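The following blocks contain the structures, represented as structure tokens.
Look at the two complexes coming up: subunit A is in both, with subunit B in one and subunit C in the other.
Presenting the complex of A and B:
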């Protein structure tokens, strides 16, 4: 009926409907048209009444709400058609007797009709298990499988030693961006790199606190660039530079002193000289006074001296523990034949 | 299947409109063509929308999704959704646990003027959930994360930590200085 369509109340309704979900609007619009065509006579009557009240009357006549849609829903219907996407809770469209809110005095929580609490809370009616399975079926074609050869972590680390860690943030606020998303952390084990002894020591010295001795991991964290890609490139650049610089031997590296050494070395140490001295004195009670190269090597080659050397190295490099101190005591006793 | 796919795609286009961001057509197309690793190619069951690229897929040893919100029930439902989606898409779920909630308390004066002894206390509780997955390929991770993030409810924030594993690049495999004389 042309009259009902050009009715001002209905025309404003049509404008509202066009902003909502396409599927839903069609159903509701059709319903409203069908209801209005039945009640067009009563609508005309109320319109004359409203115009009689005055120019101010922009009020729409209050129509009677029909039976809720949930009454006419089949038990085995396709729920994904009712809630295909995230939408607010519609009490007429959800056939569940849900109650929510603070209970009325000596009563129960309020019913779902006109319940603001149910509308406020985010609902997952569009993500039922059936819907999730449907979505995943459609998405499966874009997924790839993990290579079967890399079952365990060890195999992964062996083939792919470099680990790059980054974060992503999703939140609603004044800004979508989160500056922490640009930080990139690169971790690599030095044992997996092609380094010789000198290069390894130099690399450790160059990286200072970024190297962890217990796990043999070099950790490079970059956050100086504004984009994640730039930070990643910078981290790889730092790793490359460290690697190539550590293979170089500069002229001034010859001046490395005992204080610069990373580990304690027994050769040419005061401890070795003292032991030699003591042994020579022990021997020289009846023998000659001169020191010969041959005797020096001989003395150092003795198993008791070697044992003493081992315990000294262990004490200095690993630290003082009960076991280490005990072994040192035994070694010293054997050296002096106590 | 095609009808189902098209309907779901149209549904997802609508969902983009409702959520307020209008993605350009190029981005919608991007979804359709993702990169795949040649090592694990599927059989001939590829629809024309999916294209394979030469670029190798990234490998994530660990993917950790942490969601934070003020309502524990909403996070419960979201965890159910995320774990079911992970299982359906074939991701190995390590564990889904609940870190301790963070409570921020404020003590303010109850009255506008004077009455220092009478205060009122407010608190803001932030609940968290953490879902950890291991051994995920880049394409799968992108698909899963996009699906999860599009269905993130209002008032919930997400933080994703990705740990990718890579080979040693070519320029670090051998030192440059073996060919030239050492300084």
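Presenting the complex of A and C:
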């Protein structure tokens, strides 16, 4: 028997055979293999005989499925006992006639039995309102009382302006650890900080994209340290440093040019010069050629010029909208007495 | 599925942001001094003291345990071990056993591989580290002969190797300290001088002749019985005694180890002689020795009084030597009292009260022994129901933890007593106790659980009405309990008593699923019950369906194996059921089966058939009926012929045939 074996896979089959012969619990497997080993001499014949058809009429009858569990479920059963934790969709345990999937031409979406689409998607069968209520009741023992003085959102924001967010992860797997749990996000509104104009501008400049103008929120996200506590300390440190640095004025800040400005200022801008120039020219056409310093302020003090200034500021700072452009047009017209 | 929860405005905010709060409002205290009283009041009103409560701490699993306490048992689900799928959940009790054992054996096989080839399994994936998944070191590390090596072998429980090493050390002359020798003695006496059976090692056919204990446990269920039969006994002059003799000054611990080993392995009188040696050497025995001796006491004496006196004697000595008894002492005494007959009954309660005064609380094992003392199995009940009630009063509502191996017997003993005394109320109380706290752990192994539920069920069938019975049935079957065919018969009888025979088709479905469809008695009883009376139309229809289903069982399976044999009674019943539902055609085919299986139909059946045939108006069938009847030489054939002749319109041929038959039957009478 050994001599006739050339197929390497089958040689291992024969080796297993001799060990299997000793184990009496694997009787039928034993019988099939030993019969095949006795009969066959060629590799191909062994394979077909061992794999498929009933040897000596011993075809095992196909195992029948029992009835699905959903048949025995009472209408008023406790669903939280059926799905206590997150689990994949079990068609036998869910008594709903759900269908999912792309329907075949002129057909319906496939039924739930053996439907992979239903199994793939996450389900929230374990989080029905009843279940959540029960969980909340059970978790109340871990909670302390909310301070009675903090009964509105504004008070909370006023007394505790810094918000710190971090995530905890629970999953069943080889490891309990999840590296994303170390990320800490710190949010604070700059209006709640004690900043003057210069400090505020400097802070915004220092924090670059971490500052959101619409909500006036500074968001610091730290994930560079391996532990959450370290990241939290680092975030607080950053906030403190930003605050103190923005209050200091360095020597080189004097060199701030017009291009570094955050907002458009009308004073000393080309626009102001041009307006002045134009007005002077307008005046000069009609009157003597007197250019004095005093007239400058006088000219600038005129309401039309102020209005022009306002519209100009609005255009540059807020952007070009219909309204702003319209106002600009009006201002210009007034300026030129059109 | 990972679920993430974000903590916004959590305790972080309250604690940590106080830094900023202080920073912001640093000037406040200063300011408040400068203000006048009105402003002061205003300030006080607008900023009341915010009291932030201290954070609670809890253990790591506390949250999970709290959430787990919200989940109750699901009555439709099977055991948590199995896959929740209609193909893969076990439907019969043999499948249950097979599946759970195969899981265990798979686990054992995996463990075996990990331990045999540890070098491939060194990488640790689990965080935090799970020690029980790493390979065990099964080989002793220290090779040279020294005490440390001996200690290591003792720790790894290698009895044979430890004894050999000890002998080597003795021969080499190295002194072995008393402590280490005591540990060695403990080991030998615990395992009875054999190596403990390795559960993870597959069977080895090569055995030495004296390794009777080493007969490996093939499967846990069978193994338990096998090893009970092959329980080792204490041999003469075995290693323990030999090593003991080598000791120059054995101390109490050595004596204790040897005595306990002797008692465990059945050498009771020797244990007592050793005890006298102990007393002679003026050493004090400890509580474990006394427990062992009390356990051995009933074996040594014959009469009840003597046994009890010996136990009392031992207890007195215990008191003299100022050894405090513990729970195991109480249980040992009660267990011994079981063998003491009437003395046991009178002494049991005083013992318990005395122990209670010593602040030893009885565990479930004590109650088990107590119940066993008063309710002997098989003995007639003599109005002793109070004891069970008192025990239940003591025990209800309490959660017990396992303290004694006999704790697991409490529930089945209590249920046996309830069954014997037919006490439903106490049975409910016992079952309720099972739901309290951790008591479900004390129900024991799977087969003990089965026994418990079988008894509970039989009691329910006997005592309760059908609705309650069905409620329990739906609750327990098949998620917790797979009834045997006897219990199903009890259930059928209960249905019969309460006149709910319309539920039979449902029960039949369950019977089929439980795998009892091949029990001859059960199926025949089912058929008889169905055929006995006439019910309304729907019920008859369902009965007919059921009957056809049963018929399929009787037919040969696809393997050519015959599961059930037709008997005359079953055939009769089946056909009457079909007739009652007016399925004449099916009934007609069944009639032919009488001939093929050599059974004789009864007269009423043929009469009933005739009535049906008359309703259908099939004349030919009527004639055939008569022919069949004549073929079997039934005594009622003439009457049948008369009826057919009268009630049916027959052709000449048929009339002639019938008259021939009549003459034939007349002649044969």
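We take it that the second predicted complex is superposed on the first by the 193 of 338 C-alpha atoms of A that agree within 3 Å, B and C clash if a C-alpha of one lies under 4 Å from a C-alpha of the other, contacts with A are read in each partner's own complex, and residues count from 1 in each chain.
We take it that a residue touches a chain if its C-beta (ideal position, glycine included) is under 8 Å from a C-beta of that chain, and two chains touch if they have at least 3 such contacts.
Since this is a predicted model, take the numbers as computed values, not measurements.
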Is A:78 contacted by the first partner subunit B, the second partner subunit C, both or neither?
second
Considering only the touch criterion stated at the top, classify A:69 as touching first (subunit B), second (subunit C), both, or neither.
second
Now for A:177: first (subunit B), second (subunit C), both, or neither, which partner does it touch?
second
Between subunit B and subunit C, whom does A:90 touch in the aligned arrangement: first, second, both, or neither?
second
Does subunit B (first) or subunit C (second) touch A:129, or do both, or does neither?
first
Go through the superposed model and pick first if A:250 touches only subunit B, second if only subunit C, both, or neither.
first
Going by the contact rule set out at the top, does A:153 touch subunit B (first), subunit C (second), both, or neither?
first
Answer with first, second, both or neither: which of subunit B and subunit C does A:108 touch in the superposed model?
neither
On subunit A, positions contacted by subunit B and by subunit C
22-23, 84, 86, 122, 134-135, 137-139, 141-145, 147, 150, 156, 159-171, 192, 194, 236
For the complex, which residues does subunit B have touching subunit A?
4-5, 8-9, 11, 14-15, 18-19, 31, 34, 36-37, 39-40, 45-47, 49-50, 57, 59, 61, 71, 73-74, 77-78, 81, 84-85, 88-90, 92, 135-140, 143-145, 147, 149, 151-169, 171-178, 182-183
Complex contact set, residues of subunit A against subunit B
21-23, 84-87, 121-122, 124, 127, 129, 132-147, 150, 153, 156-157, 159-172, 188, 192-194, 199, 236, 239-240, 243-244, 247-251
Which positions of subunit C touch subunit A when the two form their complex?
1-10, 12-14, 16-17, 19-21, 24, 48-56, 58, 62-63, 66-77, 84-87, 89, 91, 125-128, 202-203, 205, 218-219, 474, 513, 557-560
For the complex, give me every residue of subunit A touching subunit C.
22-23, 25, 57, 59, 61, 63, 65-69, 72-74, 77-78, 80-82, 84, 86, 90, 92-93, 122, 131, 134-135, 137-139, 141-145, 147-150, 156, 159-171, 174-178, 192, 194, 232, 236
